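So, here come the structures, one by one.
The same chain A turns up in both complexes below, where it pairs with chain B and then with chain C.
And then the complex of A and B:
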């Protein structure tokens, strides 16, 4: 660990501690703890979305705005199957499958047509795909209040004297496990090595014989599965509404920005911090109303922090 | 230049005709529901034109436009219900406040590019969305933050446009002025600066363009248009809702501007029509409005994949193909005119004093020193020796860790890159940096846009420079139609136009044939007599260096190996061993 890393970590911890103290001053620790945990759960959802985006962006160069839409389609499918009294585990599986198929369809059939365009154009194209999915999903399921419940919602565990539902624990643990799992996958497997190679330099990787299509397909599949899971959990924990889940991709991008679209652990840290700060803002009478602004404000500040001292002179990659 | 400024292109004439049609005919024939739809379409067209020109002319993606419209609308409503100012004053104030917002947005943009720029504007849009949905629009509420849910008072409208039909006319007139404002900016200094920035920021800076300033100008203009659009929308409806200005709408209007065709006026109209008219039509036909998303999405994918210039590009392209294609005379043998002659100018002294550049652990340049007094000096060295880094130190793109460069005693390090260009430092790049959007003459003109000369003098300077390189016949040919040699010649014209003091060429002969290299060498040899500037040439071509440079500096691994008269230096055994040893050159 270099001195810079230690300083940055200290700076981060200092700022977080200051925010928590400032917002939680004079509140009973139990209340603070509950808001903290609920913030961690929401933050995990941002982080999960962000992780899916980053894995795909690193391997394929596509920032996928359709990630949220794929999750929305999956979550709505799960709801529909539950209405038809399908065995619950099958509905969850269906959710992930739908998101996987949608993601793969774009990755295999549309993304190759744009392989050599600049990142902004690739991102804009996925937005078109997101709109198509959103249009179809909202057409199939018109605006009605719906909800998705998982059996784990009713089961609670007591952690440090607080009752936490298992669903929340699942998202928090999954997001952490995913970061570790993907890190190990990238580090220790052949495909992981090829993904890192693609992320580093696409042209060179193609020249030295990395099977681009295969590696990219795996990345699209992986991000599709993550999107499906995130959509399901979002539908359960926050709201089951296609438009809301589709545009959940915007705070997910905020989390991804915290990791510079590169470092998964920082994406996780960023996502969790956003969730916690957003949740703790509820305690402030002044800022309560604008608490959803937290991810955007944090991401904008982080982006500016990363770019400090940067000189924009020479063209090339972003 | 004046004639060109007010020149009406066929596309422009069609646009004005279209505006006249909407102004005179449409309000008279449509019902009241459609009047409101078309008014809001005109507002969004104005806002879309703002993002479209930023994307097409500067390559910058702004995803905050609809949020900025909300800012304009908020200011408009607040002013309208709080003060009794005329509509026009409110409109202008709303536009100006939003313009300032746009300029604040530009602050991060100065350091960001491409995807990251798009993302930071997206974050801004997300933030504005929350602010609007939390604090809501005033809509006639009391006090500064006061909010009213319904319409309590009537929204004042301009006295000439109180009816809905007249208000549509008013909106169309303002929108047309907005479109003309963009076109005007594009044809003047900002437009030329934007074209160079889009091509390459480094090239723009070495053309003397203050990149920070002109990027801010672009954001300001785009913000102004968004503010006017939002204010007009507020005037049309009387009350606004936070749901209109969500971040997703900002993303959508950008996407639709791309679908429509960001380079053309028609593109912004198509974008706004898709955004506002299509959902209304679908609603009329009893089709689920959700399906408009599918149409948008499919249109966006189609446009991004197959039509980089959007629907407008396809439409206007089909129209243009009917007329006879205008082919510029390219490839004519060019006769070099006699030098215009600025005799009596003596060569300046360029002193490189211990320049050292360290990138992290890599020592790119290690104490380079040379005192160059000849009119044309050369720098050679193997690949990776640090030649281009040294040139970037000259340009100010790389700050030296130690050492300095002076020209006749003047320390270049005191100036920013664009100030160095305005001082008289000119350079070409390894890749020719010609804006494809500008004509040959405009490409050259960019270089002296910021000099204090009068417009007529600048035009005359451009003519002289083009005469010198032999491109007079091609002055009006767009950059996109030039071949490599013509681009190199345009680069040289850029370097000699105005009053250069030090001209640097970075491998100017790259990619040229032997006769072309020969011609280029002849031209470079005559530059000093023509302009009086000191010429610095970096190249691999030993023959070229030996032929035209009186003195040569040899660099290897960032260290100076030899410096002196070219003949002596090139036959130095140490130089031969380090650099020329691998190559066989005629003794």
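And then the complex of A and C:
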């Protein structure tokens, strides 16, 4: 991270802290604590989704709108297997496996056909793929009330008056572990170096012999695993509804944008802060109606800040 | 899983068919056993079916009943040509669906409508075209507070009142927080009367509104708790209500509050989705007779569905409601002069004059009347989730609210009280 990036992150944190104070002003600290911790819990899911998106984007240049749908397909599969009394760990594994297969299938068979198209075309293609997956999932599982439960839901610790289950802690810890693990992977392994090379200049990487297909396949697989895990967590912690899980990718993209589709630690920071702000907006009688747009308003402001002084073109080149 | 259900039903269909024969055939309309062959009477129906919800159960059931009527002499020998449109929760499509049925097809009435959308878009059209809508799956104010729509289901406002009244009388509720959708003609509209009921009885109430687009329900739950409530009313579709209860389970809040809900939670798949934690702790109002109340209409409904519906069509409250609307429509049509059955104005007048129809599926009498509002169904049952099912804890009771004063006045005029 450059000095500028660190300063930007510090500025962002300062502004977020000010907003938190403003929204929580005059409220009992216990109430504020409850909403803060609740927001962190949701924000960690945004961050987790955002990390999966950034990992793929950095290696392939594809902003994958289908990540949420792959997670939804996985979560519904896990639920179905649980109904058939399959051993629970196998159902969780199946969730990740389904998302992995969906992600790999797209990455291996469809994405290469669009490899030389503009980023926006690649992104829109994944949106179409997401809608196809959602259609198939909605066909297979009708609109009935369902829920997914993990054993870790039963155990929790109290933080600032709010009980935080081990499942939520797993999400937060996994997000942080992924940021560190992927950073180390990109920095210290040959494939990581190749991924960074691809992210930097795909054409040049191809010329110097980087095995593009292999590296991209690894990135799609990694992204698929994260999507599956996110889908499982989302299905358990928020709602087991395919549409809701599919479109979870939207606030995740907002979190990814906070990290400029590049810095995983900033994605984590962005996701967590969006969750907190969204939650605290509930405390404002005037602003609580705009809660759902909070992540996008934050992402838009971050984009405006980043691009100050630049002239952006449609394809993304300055 | 719909396809697995279909396969299971396909495997069992021969048995079901045999069982249907072995017992009694459904009773429909004129019940002649002869297929109707005259000129069809065109009747429409509009439902919403797209993500995030499927409201097609009511039109599915209405269609099954009309098919049964057509196989049993129709309406004085004339079959019902039932045409169903899907608004897909899209206002433009909702308007197109109404235009297609009312203007192009020339439907004499709409029956079994179920949607969050189409009533808001089309209620004025129905007035302008003088067509009556005998709806079945309504959830918004326009469905109950406009002249040309009357529904067999209660919608959230009365069902909320029923749950709140029970909590106040039996569970010691003094402060109710209503968690509803932040849609003006749904959440605030239907929560408001429950708050008024609590205030009228010396208690307090508040609402925590949830934006339908927000994935997280935790904040609404926290807001409800922060209001100082002792009772949480989950005025939400089943999926969202389950999410609220899961969030409450995370906080281990079961024993700290009363948990009450209107009819959407009366769904046989809900107890399993909630799990053992909530056993005996969730109270749900039922706007129609619970499935264990196995009266003649309830049995006939199942027979009609078994014989004339698709195997995977739901047999839920909305389906019961669609079946009821269809039976009331057919009953009224059979009472009409056969020469008037293609005259929409006369059909509309006939529907408005419906009074005192009864069914074991509904607690009170069904009527329409010539009014600016219609809510004939404002009495119900109270149930509790126990042992993976629903136990009736209060039989038919009328909801007590000043909101119903004008409805009760009409009922007195019609001699129903």
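The definition used in the following text is that the second predicted complex is superposed on the first by the 296 of 318 C-alpha atoms of A that agree within 3 Å, B and C clash if a C-alpha of one lies under 4 Å from a C-alpha of the other, contacts with A are read in each partner's own complex, and residues count from 1 in each chain.
Just so it is clear, a contact is a pair of C-beta atoms (placed from the backbone, for glycine too) under 8 Å apart; a residue touches a chain by one contact, two chains touch by 3 or more.
Given the structure is predicted, the values throughout are model-derived calculations rather than measurements.
Look at A:304: by the touch rule set out above, it reaches chain B but stays clear of chain C.
Annotation for chain A, partner touching more residues between chain B and chain C: B.
By the touch criterion stated above, A:296 is placed in contact with chain B alone, chain C being left untouched. When the two complexes are overlaid on their common chain A, residue A:113 makes contact with chain B while staying clear of chain C. Shared-chain residue A:244: touches chain C; no touch with chain B. By the touch criterion defined above, A:138 reaches both chain B and chain C. In the superposition on chain A, A:147 contacts chain C only, with no contact to chain B.
After overlaying the two complexes on the shared chain, residue contacts for A:42 are found with chain C alone; chain B is out of touch. By the touch criterion defined above, A:284 lies against neither chain B nor chain C after alignment on the C-alpha atoms of chain A.
The interface of chain A with chain B overlaps its interface with chain C at residues 134, 138-139, 142, 243, 251, 289, 292. For chain A in complex with chain B, the residues that touch the partner chain are 63, 65, 110, 113-114, 117-121, 123-125, 127-136, 138-139, 142, 243, 247, 250-251, 253-254, 257, 261, 289-290, 292-293, 295-297, 299-300, 303-304, 307-308, 310-315, 317-318. Those residues of chain B lying in contact with chain A across their complex are 61, 108, 110-116, 118-120, 122-124, 126-127, 130-131, 134-135, 200-202, 205, 211, 246-248, 251-252, 254-255, 258, 288, 290-301, 304-305, 397, 417. Contacts from chain C toward chain A in the complex involve residues 1-3, 5, 51-54, 182, 209, 211, 213-220, 222-223, 226, 238-240, 242-243, 246, 249-252, 267, 269-270, 273-275, 312. Contacts from chain A toward chain C in the complex involve residues 31, 34-35, 38-39, 41-42, 80, 134, 138-147, 149, 153, 156, 162-163, 165, 168, 234, 238-239, 241-244, 248, 251, 275, 278-279, 282-283, 288-289, 291-292.
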